[in-house]
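By letter and in written order, the chains are A, B and C; residue numbering begins at 1 in each of them.
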Amino acid sequence: MTDFLNALVLLTNFVLLPAITYGSQLALGALGVTLLYAVLRFSNFAQGETMAMGTALAILCTTLLQSIGVSLGVLPTALLGMLPAIVIMWGVVLLTDRWVYRYYRTKRSKSIVFVMASVGVMFVMNGLVRFLLGAGDRNFEDGERFIISAADFKLMTGLEEGLALKTTQVITIVLAAILVIALFWFLQKTKTGKSMRAYSDNENLALLSGIDPHRVVRITWMISATLAVIAGVLYGLDKGYKPLSYFNLLLPIFAAVIVGGVGKPAGAILGGFVIAFTEGLLTYAYKAFLNYLVPPAWLPEGLIQFLSTEYKVAITFVILVIVLLVRPTGILRGKVI
Amino acid sequence: MSKLWHNNTLRALAFFSIMAFMLVLVGVNQSWSVAIAILNLCIISAIMSLGLNLQWGYAGLFNVGIMGFTALGGIAAVLVSYPPVKDAWQVGGLGILGSLVVLLATIAVCVTLYRKLQSSSYRWLVLSLIILVGYFLLRLVYEPAVKAIEATDPSRSGFLGGLGLPSLLSWLVGGLFAAGAAWFIGKIALGLKSDYLAIATLGIAEIVVSVLRNEDWLSRGVKNVTGVPRPVPYEVELQQSPRFIEWVSNWNSAKLAALDEVARNDALQKLVSDASSIAVKLSYTGLFTAVLLLILLLSVLALHSPWGRMVRAIRDNEVAASAMGKDVKGRHLQIFVLGSAVFGMAGAMLVTLDGQFTPGAYSPLRYTFLVWVMVMVGGSGNNLGAVLGGFVVWFLWVEAEPAGFWLMNTITSGLDDGNALRTHLINNAQYMRVIVMGLVLLLVMRFSPWGLLPEQNGQRR
Amino acid sequence: MKKLLLATLLASIFATSAQAADDTINIGIEFGFTGPIESLAPMMAASAELALKEVSDSKALLGGKTLKGIRADDTCVDAANATTAAERLVTSDKIVALIGASCSGAATAVANNVLIPKGIPMISSSATAPALTTLDDKGFVFRTAPSDARQGELLAEIVKNRGVDEVVITYTNNDYGKGLNESFGAAFKKLGGKIVASTAHTDGQPDYSADVAALKASGAKTLIVFGYADQGGKGIVQASLDSGAFDKFIFADGMIGEGLTKNFGTKINGAFGTMPGGETEGSKKWEAIAKENKIDPTGGPYRGESYDAAAILALAIQAAGKADPAAIQAKIKDVANAPGEKIYAGELAKALKLLSEGKDVDYVGATGVEFDDAGDVKGAYREVEVKEGKFETIKAY
């Protein structure tokens, strides 16, 4: 029994918990992308850089707050610092929309034109973010790091394996859950949310029924930016801020969107978790885990790993390609792009 | 005037003259060596941009996997021209060939059974079982071979090397590699709706590059292959060749005659050194230009052939073309393969020019999105436009950096040296490059949406 | 906007030609300001520029000439960009020597395609791949960062001597990490140690818990990290501590720095490793002047090396008596190697004076530079250990 528990704790600690956290971060980012897709009908390549810029601003605000002595106690101050960052990012995305995307919207350009424009925005933001805060690594976490540390857990339970629960992990999961619920409530129950869904389903019909398209677009941008900043800050709190890794995050986020079903908020969340879990499960070395469950003599040499961790990036895309081939609309049958 | 401006030939002439003028300006003000170095990369960029123009401009295929095809071309350059590493072949060559056989056998069995068991309900079970068995068998043969190869003198080789054939051949092979991969990818992915192709190619390119980065026995992985053979002589050889020295001194006889003996020798040495690097670069320019012209010629001919008209008809209205009995999928596959072959050639040429293969260098920003910017800026659907785009964008990409430094220096020249803002701006000036690229793309899309040289006939999108 | 961009570009092309003033000597500083090591490059450049400034301020170089560092970006990985930038430095800015390029791949490309053919000396302060030792460089390529081969062997000895017999390794997936992994692995096995597993990690990844999970599964208790303190290496340590997978670490130079102890403090007590720079006196003097100039000397790798590269070039210019590439190249070993009066960081003015008087100097600098025939530094190393959340030197080799 202890062996079984040990094995379970081991798996939870190294695969399940990190995957849930990473999955939540991906899900928030993917929600932003998918909402934009649902309403504006293009894949926003600049979302990764939006996350980076939001996080950079949040770091600046946090530093400012810390310098005047504000702190949230056990919680990281960045949770407070991210609020002004969100407001600033609203301004940034709305201005971008005004200067870049609106022109193509009134011209009713093809979605590929929007995508190319977002690549342009991505380039510009990529540079601006580095201008703002440099390309270096920043650690802006404060407050209590652990709720339960691995050593404490071992003491408490007497098990051989430890289970560490980080504050940032819990914040990430809780905040993501709250945001998702709030978002769904907003989309299902409020008038604005309904008009957004109507606009997404059938633009012409929505226009006929008197929905203000500009307002819908504005709100979509604001929600997507909010999600991007929060996802970015949570990610940064968990793993440290570094502009390049936000660019790298863009690809798994896209994969999550498509795997789940484009334009489907629930699909984005599902996709995020599917990616995070497959990555975790496929690159996990099962040696120590199996050691608890079967006699060690039965086990072969080596780490018992499906794929080495170097191929982690590739796994995301293999899932993506398989989904595209087998079920091109995604798990939840999203739109066909 | 405005009518003249809309005449495409004149417009092209004007833009290319400006481009040439800019390169000459670099030659005069920076140096000719830099100008020719930029020109060489401009030509390679133009070739890549022609390939994308074929796919996107002719057929509307949204390929975001250019990086992968370029990388495949790159490895071809290594595999063809690098001399074989005999020791590595001895210890692991057999194992690698063996695992190749196992891999192919597994695939063959899978395909056969997939067809045979069309209606059987065990189909998936049997197939997964065979794949699993094949996988373990493969690892059994493959892993010891790889270990042995990678342990052979790891700091210098640790890989199988290539075939030691002439490097010009590798450009062709690079194209073939990429074409083969493209055929395979196209077979699977082209049936999807067009925008899914984008995401599929994006993913496949990542997979290709991560294989090249991690399979050291094949590509030395991140340790890079250096000293890839060249089709042109080395500068140092030229500097020691009496014929070359004589040639240079004849060329500059007037200048040299005015100097005394010691100064003359010094000056001659300097001239020879400069001339050798320019000579080598010019030989590359010659080779690259030949390839560029050939591809350009073929593209133009193809565009104006019945085949080209059909392809554009498919692009502009897929449904109508299909209803008229045109084989849409077949044409798309053709074009996907052809365009990708062009990327592969460009990739091989790039590795030959650099003299080294660096798998870590392949990033989507540089090898995929930048090429897209080239085509969008140049004018999609127009071959000359694509070439122009390749030239302009590469030029900006390399010159934006010094321009950024200069701009920051000028803007902040009113501030004193230790000023924090000034230091910050100057220290971060190199990020100007991406910002400039983004701005150019956005501005061209907004104010000249068909690119600098729009497509001449066919429907504008 | 379009016009402004065009004007800027034009102006900059014109402007670069205007700066060939007689009393300045240009030296190229080509590091990866964008790309994978973009976070390391700025401080490396600042360190190199510190040495150039020290020389210029002394007014003792060739009768009062100033050294100007011209920055260029080698992007760390893209050979095409790196060569074009080097080409520009050499032929347009007329540099007499180059500090860089930063990553081994870019350094090889730049050396083979530009500097060796043009006969201009370069000193890389961060390219550590063993392959550079055997490069046919005609004596023009030097480096102040030691080759990974030496460090791997030394670290293997230290680890074994400390009684650790079983380790698991994670290395950053580039030539530095892989090279170090190979040299350490070979040496450690020869000494009878066991490497249970060695896996690569990719820098700039979103998440490292999977990597750590795989390492943990090996069953080894001690983790060796060959990575960078501000990149994947940090992520690995973080994930290891967070999940309780490892608490015993062994590091190589890329990981050692205040950046790491600032993050993890006493949590990594007992971790040990090697870093370049045997002469503790030299490194102390370097730390002092670096801190004076707002450079955190141990906050990241290759800062002392960059300072040294710049300083050696300056001294070689002085020794050569003229700013001529070939003459400088001939003097680099003379000023860096014994015999002569030992010169430390911050003493460049003294060295310049000695050289002008025709005396011999032996530049030691921040990292104890001493070139061998291949232009590599022999690699003086220190064994360091984390005690009470700070790296402390145990022994110099």
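In this text, a residue touches a chain if its C-beta (ideal position, glycine included) is under 8 Å from a C-beta of that chain, and two chains touch if they have at least 3 such contacts.
Quick caveat, the model's predicted, so the values are computed rather than measured.
Peer 1: Hey, how would you classify the chain contact layout here, line, ring, star, complete or other?
Peer 2: It is complete, because no pair of chains fails to touch.
Peer 1: State which chain is most central when centres are taken as means of Cα atoms.
Peer 2: The most central chain, going by mean C-alpha position, is B.
Peer 1: Relative to chain A, which chain has the most distant C-alpha mean position?
Peer 2: Centre of mass proxy via C-alpha means gives C as farthest from chain A.
Peer 1: Per the definition at the top, count C-beta pairs in contact and tell me whether A-B or B-C has more.
Peer 2: The comparison resolves to B-C.
Peer 1: Between chain A and chain C, what is the separation of their C-alpha centroids in Å?
Peer 2: Centres of chain A and chain C (C-alpha means) sit 36 Å apart.
Peer 1: With centres defined as the mean C-alpha position, give me the chain B-chain C separation in Å.
Peer 2: 31
Peer 1: Two or more other chains in contact with one residue: find those residues in chain A.
Peer 2: 130, 134-135, 308, 310, 313
Peer 1: Among the residues of chain C, pick out those that touch two or more other chains and give their numbers.
Peer 2: 34, 36, 42, 173, 200
Peer 1: Pull out every residue in chain B that's touching 2 or more other chains.
Peer 2: Chain B, residues with two or more chain partners: 213-214, 431, 433-434, 439.
Peer 1: Considering the complex alone, what residue numbers of chain B touch chain A?
Peer 2: For this pair, the touching residues of chain B are 62, 188-189, 192-193, 195-196, 199-200, 202-204, 206-207, 210-211, 213-214, 365, 369, 372-373, 376, 428, 431-435, 437-439, 441-442, 445-446, 449, 461.
Peer 1: Would you tell me which residues of chain C are touching chain A in their complex?
Peer 2: Residues 34, 36, 38-39, 42, 173, 197, 199-202, 204-219, 230-231, 234-235, 238-239, 242-245, 259, 263 of chain C touch chain A in their complex.
Peer 1: Name, in rising order, each residue of chain A that touches chain C in their complex.
Peer 2: 13-15, 18, 22, 25, 130, 134-137, 139, 145-146, 149-151, 153-154, 162, 164, 166, 235, 239-240, 242, 244-245, 248-249, 252, 279-280, 283-289, 291, 302-305, 308-310, 312-313
Peer 1: Chain B touches which residues of chain C in the complex?
Peer 2: The contact residues of chain C facing chain B are 1-2, 5, 8-17, 33-36, 42, 71-73, 75, 77-81, 83-85, 87-88, 90-92, 104-105, 108-109, 112-114, 116-119, 129-131, 133-135, 138, 149, 173-175, 177-179, 182-183, 200.
Peer 1: Under the definition above, what is the set of chain A residues touching chain B in their complex?
Peer 2: That would be residues 100, 103, 110-113, 116-117, 119-128, 130-131, 134-135, 247, 251, 254-255, 258, 308, 310-311, 313-314, 316-318, 320-321, 324-325, 328, 336-337 of chain A.
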